[in-house]
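Each in structure tokens, the structures are laid out below.
Okay, so chain A shows up in both of these, paired with chain B first and chain C after.
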Partner chain A sequence: MKRANWQELLWVAIIVVLAAFWPMLANGYWLGIGVDMMMYIALATSWVLFSGPTHYISLASAAFFGVGGFIVGTGMSDYEASFWSMLALSAVVGGALAALIGLATLRLSGVYFVIFTLGLAEMIRNLVSWIQNNFLGSRGLYVLTDFTDKHLYWMLLVTAAAVYLLGWIISRSRLGFALRIIGGDETVARHVGINTAMAKVILFTSTGFFGAIVGAIIAPRWSYIEPNQVFSPQLSFFVVIMALLGGSGRLWGPIVGVVPFLLIWNWVDANFPHQSILVLGLAFLVIVYFLPHGFVGRIDQLRARARGRS
Partner chain B sequence: MLDILVSGLLLSGTYALVAMGLNLQYGVARIMNLANGEVLVLGALASFWLYTTSQISPILTVILVIPISFIGNYLIYRFLLTPLVRRSKTQGALEVDSILATFGMSFIFIGIMVSIEGGFFFYKYLSEPIQILGSTTSLNRLVAFLIAVLIGAGLYLWLNLSRPGIAVRAVSVSTEASGLVGINVPRISALAFALGGTITAVGGALISTFITLDASIGVVFTLKALIIVIMGGVGEIRGAIVAAVILGIVETAVATLIDPGLTLASAYFIFILILLFRPQGLFGRRAV
Partner chain C sequence: MNSSRAVLSVKNVTKRFGGLIAVSNMSFDVAEHEMVGVIGPNGSGKTTMINMISGLYAPSDGRISLKGRLISDRQPQAIAREGVGRTFQLVRLLPSLTVLENVVAGAVYGHRRRWGREAEEFAHDVLERVGMDAMSYAQISSLTYIDQKRVELARTLAGEPEVLLLDEWLAGLNPTELETGIELIHALRDEGRTVVLVEHVMDAIRSLCDRCVVMSSGAKIAEGTPDEVLSDREVVRAYLGDDDA
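Presenting the complex of A and B:
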């Protein structure tokens, strides 16, 4: 078991190193897709970090992402702060926001949590627009940096790798063990003396932390930021689909979900722009009915079968 | 002040109706239906479309919507959700599966609706001003409220007096125990789900007469209905009515006194208070 863990880490490290060369090979359109992919890999991996073991479906990704982008925008445009200080601030705010949401909802049943996160991005968007209209005056924010897609790609790669490493460390720690028990049966977990609410809040905080970082990193790509743009609820659904498509049972699952989904999605969006939302719906149904454990589940199944035959 | 009370109260009539629909689906059929808001918008689209293309009055549409949405929701439960109910071992697993499946359905509904009407469902029906208790409101709000009350009262009586109604309530208390006393639980669940969807669609047709909707607004209504159901206590019809009145009035107050863009934020504020201080709902009993 332990050796397999190290082996997995090694494989991921090799993939990260190889992925770092992508900007040398690709530019323009394909580099843009690479940035998208890295963004979703980082978001989906941090989603799996929390939702994988607990089976709680979080739809808050867009909220944290938006908070990150918005803080960078406001700080750089209205207060002339540096990008890096705003990146740090958005990580802290994202984490704090997640901790508060977690404290309010994660002590209760999972349904309350899902419902709460469902409209969260929309609610924060309303609040932010209202504050901007009434107190700050301006509606759009400018984020001007020297970063090109190449730099954003590398920053996102580092973030994704950091998320993975954190998840890997957690899975080997007491906290990870506790989370696996919670995922198996929460009542049992409570009876053996695990503080289930605390474990979930800690994990969810890390999701918020990284979600905001990703949002902050993406901000320079847009250069002009509007609340309607950074708080797009669709992002949360994308993250959930990609993570589940890959399989939330493993930390590397999102990688095998993000890459095919984004390629298919870009093709659909380019050729059938009006039907794209239908495809999103069908993707959910396919996952629920045909791939309940994602690609990873299928791979494990095939592996087990191959082993049984030999 | 009186204006807020009157229009908040009128708004809460349809909210209560929609929340009753969701209550039947979640409290009885145990399906967390996140496509609920889209079903509502489908009802709204039906009344918008029939009114603008062939001048059919929304009240007539309500009658047309009933059989169609009942059959549609029954088929959804029978063919898409029953496999999930059979497959899941625990209530938690069913919740995760039903949440994901109904998400999928909600996007498919949105896709279909966008292809029918991509813009706002705007039409004018009975929009002349009227006076109630000295405050001015429009006739369509009053009509929608009265129809909602009528349907809600009918549902309440049906649940309390008729045999199938009592079976529905029994299933909402305990699926296992109802099965033991000879209630056909899968059939009652399907009935409750279909009925819940029907009521939601009717609510949508009514709401569309005084609020302009569009294809992607469903999630906001899903959220409001869920907040009402949780505030009232899952499975509590009376609780849902009180909660709907509270939400309707608070929302109207926030919209008129502060900013119309903050109605969702006010709903969230109520939600947080409920979660922090009374998670079992105003009328719910504390789970053991």
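Presenting the complex of A and C:
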């Protein structure tokens, strides 16, 4: 991941301000798509924080997202807690869970890390189902709030903007530079004096922290929370595909990946409901064959070519 | 060698990989401003020795200390911060970073730490010292092998290590490059740096090293000035075999 500059921050700030007006222009179907987009932009950007510079592909997004949804569901259903306190608790638990996973997976790299994170997310899903069925009573969890889609949209927009801002600050810090070195060669990173374990755990923790926040914010939309739904592994794959489609080399990559992907996905889902999963596979093929560095890589390439010509 | 003067001290160090003993009961000291060569035939455990000093491998037995502080139980990043810098036998640079960024990487987290403009200016100074400042903004992939080695050396120097470990820094260079390389290491010597170098190039060893430690099959078989050890019967036998000795 490149060091982000002020110009980039300004552009993103303008996009955030413009995006805030979306609920005034759209409602119903299109506002719903807006909520989906904000949710995935927040998730994919927080995924890129860690996986972009280090090239560690994490499939644990659903675990953090699910923890957020489940905590809000349990807290509001069974303990009459407020949404906001459960949101805060989700963030802390999501961050702590990610820190634990990070510490446990430090020695894994490449495909082992990928499989481990996927397995772990599945394990958490089953564990939560089991706990709910045996100890909490096998009834569903209800999340009843006064929030409508537009409130959720704004909360997710703020979350996405916060993730971006954090990433922007990190990319300009020693920590961000350390992650680029770790992504290049971990042995070199250690020999120039970088505490690689610490750097990776800090970033992975932030991914878990924000993943759980997004899961908590989305919970009121579903009203009825069921572990198999909030911990769906499909979400983890969606996050990875959209982040890679946009390009994990830049912090704004997910924005240009999420928007076209979800537009196509929703169109296919509306017209050919049984074929929608094909889009996931096709997107994967497109990334592998045509966009190895995502749209961002292609944009950077075109820019470099234009500069070379002038 | 009086151990109180030793900057780097290796005592009874052994490294076992399963049943294989790669380094066996090695001991030697390196004094301040001294250039010590670690030589020996291929497979004699020289690089393993360097890897233990830099922390890449933990010794199975024995102690390594820097200025009296034990470092052999620590991680490479901690050892780098204590003041041990190294280059790698096969040059290791970060191809996604520019030349300057590669050197800044050495300046930010090392023994002396710098950040921002200060780190960049210092990196330029170090690049200038190895004769690479003109290439600061080049891509790593566009550099020749010796230039890559110079950048790696610059990265190591940027951390201002107390002890510099050079693992076959001159290997793989053509005759012209070799001359440049030897000059560069001579310059380090003139700066009064403390250096441990693993080397095969005999000319370089004779002209650069104050002292040599000779290894064979993981053990130390001789120690002394280059002339002394290179005329030692045991050393000649280790290199050439029994018949020629």
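Basically, the second predicted complex is superposed on the first by the 302 of 310 C-alpha atoms of A that agree within 3 Å, B and C clash if a C-alpha of one lies under 4 Å from a C-alpha of the other, contacts with A are read in each partner's own complex, and residues count from 1 in each chain.
To be clear about the criterion, a residue touches a chain if its C-beta (ideal position, glycine included) is under 8 Å from a C-beta of that chain, and two chains touch if they have at least 3 such contacts.
Quick caveat: nothing in here was measured; it's all calculated off a predicted structure.
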Exercise for the section: Quick one: on chain A, after the overlay, do chain B and chain C clash, or do they fit? Just give me the call. Expected result: fit
Problem - Touched partner set for A:T196, first chain B, second chain C, both or neither - result: second
Exercise for the section: Taking the C-alpha centre of chain A as the vertex, compute the angle to the C-alpha centres of chain B and chain C, in steps of 10 degrees. Expected result: 70
Problem - Contacts of A:L127 with chain B and chain C, given as first, second, both or neither - result: first
Practice task
Look at the residues of chain A and decide whether chain B or chain C touches more of them.
Solution key: B
Exercise for the section: Would you check which partner chain A:A306 touches, where first means chain B only, second means chain C only, and both and neither mean what they say? Expected result: neither
Exercise for the section: Return first, second, both or neither, reflecting whether A:V188 touches chain B, chain C, both chains, or no partner chain. Expected result: second
Exercise for the section: Could you say whether A:Y289 touches chain B, chain C, both of them, or neither, answering first, second, both or neither? Expected result: first
Fill in the blank from the handout: Superposed, chain B and chain C have a smallest C-alpha gap in Å of 7
Fill in the blank from the handout: On chain A, the footprints of chain B and chain C overlap at residues none
Completion exercise
Contacts from chain B onto chain A in the complex sit at residues 32, 34, 80, 83-84, 92-93, 95-97, 99-101, 103-112, 114-115, 219-220, 222-223, 226-227, 230, 259, 261-262, 264-265, 268, 271-272, 275-276, 279
Fill in the blank from the handout: Seen from chain C, its contact residues with chain A in the complex are 54-56, 75-77, 80-81, 85-86, 92-97, 104-106, 108-111, 113, 115, 155, 159
Problem - Touching residues on chain A, where the partner in the complex is chain B - result: 55, 57, 104-105, 108, 110-112, 114-116, 118-120, 122-123, 126-127, 129-130, 134, 186, 233, 237, 240, 244, 274-275, 277-278, 280-285, 287-289, 292
Practice task
Show which residues of chain A lie in contact with chain C when the two form their complex.
Solution key: 174, 177-178, 180-181, 183-185, 187-196
